[in-house]
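The following blocks contain the structures, represented as C-alpha cells.
The same chain A turns up in both complexes below, where it pairs with chain B and then with chain C.
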Partner chain A sequence: MRLALAWSSLFRHPVRTALAVLGVAVSAAMLLDMVMLASGMQVSFRALLMRQGFEIRLTPKGTLPFDTEARIARAASAESSLRAMPGVREISPVLGTTLHVVRGEASEACFALGIRPAVQGDYELEQGRDAEGDDQLVANTTFLARTGAVVGDTLELAAGYDAQLRTWTARRRVIVAGRGRFLYLAADQAAVALPLGALQAMLAPGGVDEVSLFMVKTVPGRDVEGLRAGIERVLPRVTAIATADAVRSVEERLSYFRQLAFILGTVSLIVGFLLVSTLVTVSVQERVGEMAVMRALGISRPHIAQQVMLEGLAISVVGAVLGLALGLLTAEYLNGILRTFPGLPAAIDFFVFEPRAAWQSFGLLIVTAVLAGAFPAWRAASLPIATTLRTEAVS
Partner chain B sequence: MKGSGVGPVLQAVDVVREYALAGVPVQAVRGVSLEVGEGEYAAIVGPSGCGKSTLLNLLGAIDRPTRGAVRLRGRDVSHMSDREATEFRLRHIGFVFQRFYLMPMLTAAENVELPMAEAGVAKTARRARARELLAYVGLDARAGHRPAQLSGGEQQRVAIARALANRPALLLADEPTGELDARTGREVIGLFERLNADGMTIVVVTHDEVLARAARRVVHMVDGAIVSDEPNAPAEVGGPPRTTVSPTAQDDASPFRRARG
Partner chain C sequence: MRGTPRAQRPFTTTAMHVPPRLRTTRRTLGPTPRSLAFALPLALALSLALLPRTGHAQTSRADESQRTAPTPDRRSPRALRTIAIDERLVRDKGLALGDTLEVAATPGGAGERVLVGAIVRRAADPSEVARAEYRVRLHLDQLQALTGSGDKVDRFAVAVTPGATDAAVAAINARSFGFRAHPSRAVAAETSRTFAVVSRFNRAIGVITIVASAIFLLCIMLLKVEERRRDVAALRLLGISRRTVTGAVVLQASCIAVLGSAAGVAFGYVCSAIINWYYRGVYRTPLAFSLVTPGTVAFSVALSLVLGIGAGLLAARRLTGVPPLSLFGR
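Take a look at the complex of A and B:
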C-alpha cells in the first residue's frame, strides 16, 4: 500500500512530476553517454587492434604504423628472420603508398595497401572476393564512389608520377574483385588493397623489397612481451609494438576523454540529485499536515520515510529508463558526427554501448535517488506531530 | 476530577506541558488531572489558547508532558519511546482533526484501510472492515470516491471511519466540526452521539457549542487549567441516517470497538 501511496502522490501534480521525470531522463542520458564516452574509444581501439588477432606490429625504427612514409628495407630477409623465431605463428606484411586511377588525362589519387590476402588484417570483405591475382584489387566504398567503379570493373592504376616528364613509373590494369571496409583508414579516404608483390612491382622497376609494417600473430600461450623484445634484438632496425602496449599507450592518451566524461557525468548526477531532491522536498513541504496526521494515526517514522523515498525512487527509475533510451539515441547521433573527424579509422567508435555501462549508470542514478530522497524523508519522518498540527491549524 | 464512566479508560495525573517561548518557559497545560471512564463522551471547551489542543495531544500520546502522567487503560503513555507511542496510537487511539487530511489520491475505502494496512491487517479483512465502517458512517455508496469528490461533511465522516479502523479504545477529536457548515456539522455531531451510544469513549476539543452540548460531560479550561468539569444533559442534535450494522459487527457489539475481555 505504501508503494501505491507513493506512486499516487506523484500524480497529485502530474505536470510537475512529468517535468521532473524528463529532467532526470536528460540527466540519465547524459550520464550514460559520459560513461559510454569514458570507455568507448578505449574499447573500440582495443577491439580494432585485436580484431584480426595480431599481437605484435613491426614498424621502421622509431615510428608508428603509417606515421611516416618510412619503410622496412630488405623485407624478405626480415620476414625470413621472423619466421625462424619460435613463437611466431603468422606474419602479415603490409606496404602502404599512394596510387592513381588513370582515366585518359585525368587521375584520381587513392591510398593503396599491398597485402597478402590469405593473412591480411586490414580490411573486412563486404562484397565480391579477395584480390587473389596480381591484376585484382579490393576497394572501399569511398574509392568506388569517387571513381564510379563497381565490383567487376577494370581500372588502370598508376604509380610514381614524374611531373617533368608527365609519365608514370608503372601502370597496371586491374579488376575490382571486391569491396571491403578498411579498418584502420578513415571512412572518407579512398583506398584499395592489392597483392603485396603487385604493389611492390609498381613502385620501382624490378620491384622494391620494402614493407611499411609487419603484423605478427603469436603461438597461443606464448609470452608476447618476451617475443617482442626478441624481435627487436634480432631486427634492430624495427620497432616492435605489442598490441597490449599500444592499447595502454592509447588509453593514456585518452585520459583527457575519461576526465571530461567523469566531470560531465558527475555534473549530470548532481543535476539529477538536485531535481529529485527539490521535487520531493517541495512535495513533502506541501504535505506536512497530512504526514503529521499519518504519524498521529500510528504510521511509523520508517514507513513515512520509506514512502517519501519511494517517491524519489519512482521518479528516478522512470527517468532513468527513459534516459537510457534517450542516451543511446544521442550517443548514436554523436557517434555519427564524430566519426567524420578527419583521419580517424572508420572502425573507431567514440560511444560504445556496454551493458555493464548501462547498469552502472542505472545503479548510480538509483543511489543518487536514494540520497536525494534521504533528506526530505528524514524531514518528513521527524516532523514534530503536535507542533506541526498546531501550525497547520493556525495557517 | 473524576469521570462518571464505568472505569477509567483515560487518566491524566497532574499533567504539565511547558514550552520555551523566546527562552521564557510558558505552561500551556498547568497541572491538569482528568479521568475519562469507559463509554464516556467528554467535551473540552475553553477560549482559544487555553491549552485544549495541547491537552488532547498529551492524552493521545502525540506529545509528552513536562511533568505528570497520562495513562490509557492503565498504561503510562507519557514515558513511552516514540516507537512505542506510535504503535500504541495505531492500536488504541483514534484521531479526528479539524482538517480531514485524507489522502487525496486514495479512495474513501483506501483511506480507511490505511491504519489497518499499517497494523498488518490482511487485505481482504481490511477491505471488509472499511466497507463496514463506511456503511456505519453512511458512506457505503461513496467507498470508491476520492476525497475531492466528497463534501466536507462526508470527508470528515471518512476521517472518523479511518479513526475507528483499528477498533481503538478511545476516540479523540480536535475541533471536528471546525471546517464544516452548520448542517454538515450536525451530521458529524450526530455521528459522534451514535458512536457514543454504541459504547465508544470519546473526548472532543471544541469551540462549537452545539457539539459541546451533545457531549455528556463538559470540561472547561482556562489558561491551561481545568476550571470546571460537569455532566451534561445532551440534546438530540441530528445526524446521518442510521445504517444497518453488519452481522460481523453485531457479533462484536459495535463495528468500531475491539472486543473486551
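Take a look at the complex of A and C:
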C-alpha cells in the first residue's frame, strides 16, 4: 500500500522523477568510482607484490627498490647473513642497470636485471627457456619489438661507452632464450634479464659484489614484521621493507588520488542528498492537502512518514542500480587514463572492482536517502490537520 | 639543453647517507650533541646540477631561495667544505646553518665532515611533489671523491645563444662523444608526462562532475519554476501574454543562476585556498595545487547561466502551454 502510493506519487511528475533518478545515478556512479579508486591501488599493488610470494624486500638504506642508483655493497656477505637467519626460506638477489644492444653504429638502451633464474620473482616466462647460462637472456615484448629480435637470436650487449676510444665497453654476445612478462616494469619499458653473475661481470672487470635489492620469502607462519626488524638489526646498511610497508609507501606517494576520491565521494553523497531531499520536500509541499485528508481519514503519522521516505528511497535505489552500471563503465575509462602513467607497472590498476566497494556505495546511498527523506517525512507527518485543510480550501 | 650519457635519461639520483654515530656541531655555538638528528641514517638524493667549484655553496636554480653562512677558506687544510641542505632536512632534523655533518656514500662507510653553508628551498616543481627524500648539494669534486665516481658527471647543462639550440644539439650528437644531447623543452616534455596524465584524469572527472551538476541544476530549476504554477496561472488569467510570462520566468531563472554562480565562485575560491593550504603542508612545496582562473570562472558561470536559462525556458513553456485553470487544478 505504502509502496504503491509512493510509486504513484513519483509517477505523477515523470520528468522531474526521471531527472532526479538520473542525478542520483551519476552521483552513485561517481561514488562507486571513488570507492574503487580509494581501495583499488592498495589492492592492486598488494596483489602485485605478493604475486611471487616474497614478503620482504631489502634495499640500500633509506631507499625504495630501484628508486635510486644506490646498491647494496658486499652482497655475498649480506646474503650469507640472511641465510643464517631463522625464518628466511628463499632469497632472490636482483641487480638493475642499463645495458645497450649494439648493432653496428646503432644502439638500443634497455633496462637489465641480474637475477637467479631458479628463485627470481621479477618476470613470468611466456615463451622459450629461462636464462640458465651466462650467455642467455630473457627479454620482454617491448625489447623484442624495438630490437626486432626473436627468441633464439643472438645479440651483442654492452655495459658502457668509452668516449675517448669511441667504443662500447664490456661487450657480451648473448642468446635470447625466452620471452617474459616483467611484473614490476612499465609496459613500454624495454627490459632483459640475465643471470646475476653475468651482469655483475659486465659492470666491472672481475665483477661487482653488489645488488640493487634482495627479495626474501619467509617460512610460512613466521612473524614477518619480527623478521624484518631482525634483518635490519643484522644488516644495518639496508632497509628491509615488508609488503605492508611498501603498500603504505606507495599510498603515501599517491595519496593525492585517495584524498581526491574522498572529496569527490563526499561531494557525490551531498549532491545525492540535496537532490533527493529537494525533490521529496517539494513533492510533500505540493501534496500537503492530500496528506491532511489522509490524516483526517485516520491514516497514522508513521504511515505518512514511511510513504514519504519510500519515495526518497525509491529514487535512490533505482538511481543506485543505474549508477552501478554507469560507474563500472566510467571506472574502466578512468583506469585507462591513469594506466598511462609513465613507469607504472603494467599490472597495476587504480580502479579495482570489489563487491565490497559496490555494497559500500549502495549502503552509503541508502543511508543518504533515508536521511534526505527524514525531514520532509517528519514535516508531512506532523501537519496540523484542521489548519492545513482550511488553508488548502481557502487557497 | 642537457647532455647525458648515451641513451640515458637526463635525470638520475644517487643516495648518500649520514652515518648514525655522527654528532653535529654548530660552528657559532661550539660542539652541540644532536644525536637525535642522526639517529637514523638519511637517504640523501643528490642534485645532479652540482655546485660550482667555488668556496660558496650555491644552487643551480635561480628560483630556489637560500640562506648562506660564512664559508671557511678552502685553502686551509683544516677548514671544512660547505654543502647546501634541503629545507625539509633542516625542519625534520633540527639542523641549522653552521652545523657540522658527516656525509658518506654508503651507510657506515667512510665519510667527510662538512659544514652546512646554505639551506635550499625546493622550487615549485611538480615533478618533485611526491618525492619525500632529502637532498643535499655538494661541490662537484667533493661528490666525485665521496662516491668514487672519478672524473664523471651525469649531465651537463649547456647554455647556447638564442635560436641555436637545435643546431647545437645536432652538432653535439653528430660528434658522438658518448653523450646524447636533449633540448630542455624535450626534457621538460618527458618529465611532465605524469602531469599530463593527471591533467587528463582531472578533466575526465571534471566532465562527470559537470554532468552531475547539470542534471542537479536542471532538476532544481524545474522544481523552482513549477512551484510558481499558481502565480503563472493568475498572470495568464489577468491577460498577461504567454511571451511576457515566459520572459519573466526566464528572467527569474537567470537571476537564480547568477546568484548561484556567484555563491559557487566564492565557494570555489574558499575550497581552492583550503586545498592549496592542505597540500602545500602535506607535500611541503610552494606549488599551487588548485587554481581558480578567470577562464574557469567564466566557464562555470556561463555553464550555470545556460543551464539555468534552459531549464527556466523549458519549465516556462510547459506552464504557459497549459490552460490557466488547469494550472489552478480545476
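FYI, the second predicted complex is superposed on the first by the 344 of 395 C-alpha atoms of A that agree within 3 Å, B and C clash if a C-alpha of one lies under 4 Å from a C-alpha of the other, contacts with A are read in each partner's own complex, and residues count from 1 in each chain.
Going forward, a residue touches a chain if its C-beta (ideal position, glycine included) is under 8 Å from a C-beta of that chain, and two chains touch if they have at least 3 such contacts.
In this text the structure is predicted, and so the values were computed from the model without any measurement.
Asks: Applying the touch criterion given at the start, work out whether A:R51 contacts chain B, chain C, both or neither, answering first, second, both or neither.
Replies: Touch partners of A:R51: none, neither chain B nor chain C.
Asks: Applying the touch criterion given at the start, work out whether A:L389 contacts chain B, chain C, both or neither, answering first, second, both or neither.
Replies: First partner only.
Asks: Determine, for the superposed model, which of the two partners chain B and chain C contacts more residues of chain A.
Replies: Residues of chain A touched, chain B against chain C: more for C.
Asks: Just checking: does A:L338 make contact with chain B only, chain C only, both, or neither of them? Give me first, second, both or neither.
Replies: Only chain C; A:L338 stays clear of chain B.
Asks: Between chain B (first) and chain C (second), which does A:R173 come into contact with in this model arrangement: first, second, both, or neither?
Replies: neither
Asks: Given the touch rule stated above, what does A:R83 touch, chain B (first), chain C (second), both, or neither?
Replies: In the superposition, A:R83 touches no partner, neither chain B nor chain C.
Asks: Quick check on the superposed pair: does A:V293 touch chain B, chain C, both, or neither? Answer first, second, both or neither.
Replies: Touch status of A:V293: first partner only.
Asks: Check whether A:R301 is in contact with chain B, with chain C, with both or with neither, and answer first, second, both or neither.
Replies: In the superposed model, A:R301 contacts chain B only, not chain C.
Asks: Quick check for you: in the superposed arrangement, does A:L264 touch first (chain B), second (chain C), both or neither?
Replies: The answer is second: A:L264 touches chain C but not chain B.
Asks: Does the superposition put A:T98 against chain B (first), chain C (second), both, or neither?
Replies: second
Asks: For the complex, give me every residue of chain B touching chain A.
Replies: Those in contact with chain A are residues 53-54, 57, 60, 62-63, 82-83, 86-91, 93, 95, 97-99, 101, 103-106, 110, 113-115, 117-119, 162-163, 166, 174-175.
Asks: So in the complex, the part of chain C that touches chain A is made up of which residues?
Replies: Residues 5-8, 12-15, 17, 20, 40-43, 45, 106-108, 130, 132-133, 176-179, 193-194, 197-198, 200-201, 204-205, 208-209, 211-213, 215-216, 218-220, 222-223, 226-227, 279, 282 of chain C touch chain A in their complex.
Asks: Show me the residue ranges of chain A that touch chain C in the complex, using the header's touch definition.
Replies: 13, 15-16, 19-20, 22-23, 26-27, 29-30, 33, 60-63, 67-70, 73, 98, 100, 107-109, 161-163, 166, 236-237, 252-256, 260, 264, 267-268, 271, 274-275, 278-279, 282, 285, 330, 333-334, 337-338, 340-342
Asks: Contact residues on chain A for chain B in the complex?
Replies: Of all residues in chain A, those touching chain B are 1, 5, 8-9, 11-12, 289-290, 293-301, 303, 385-386, 389-390, 392-393.
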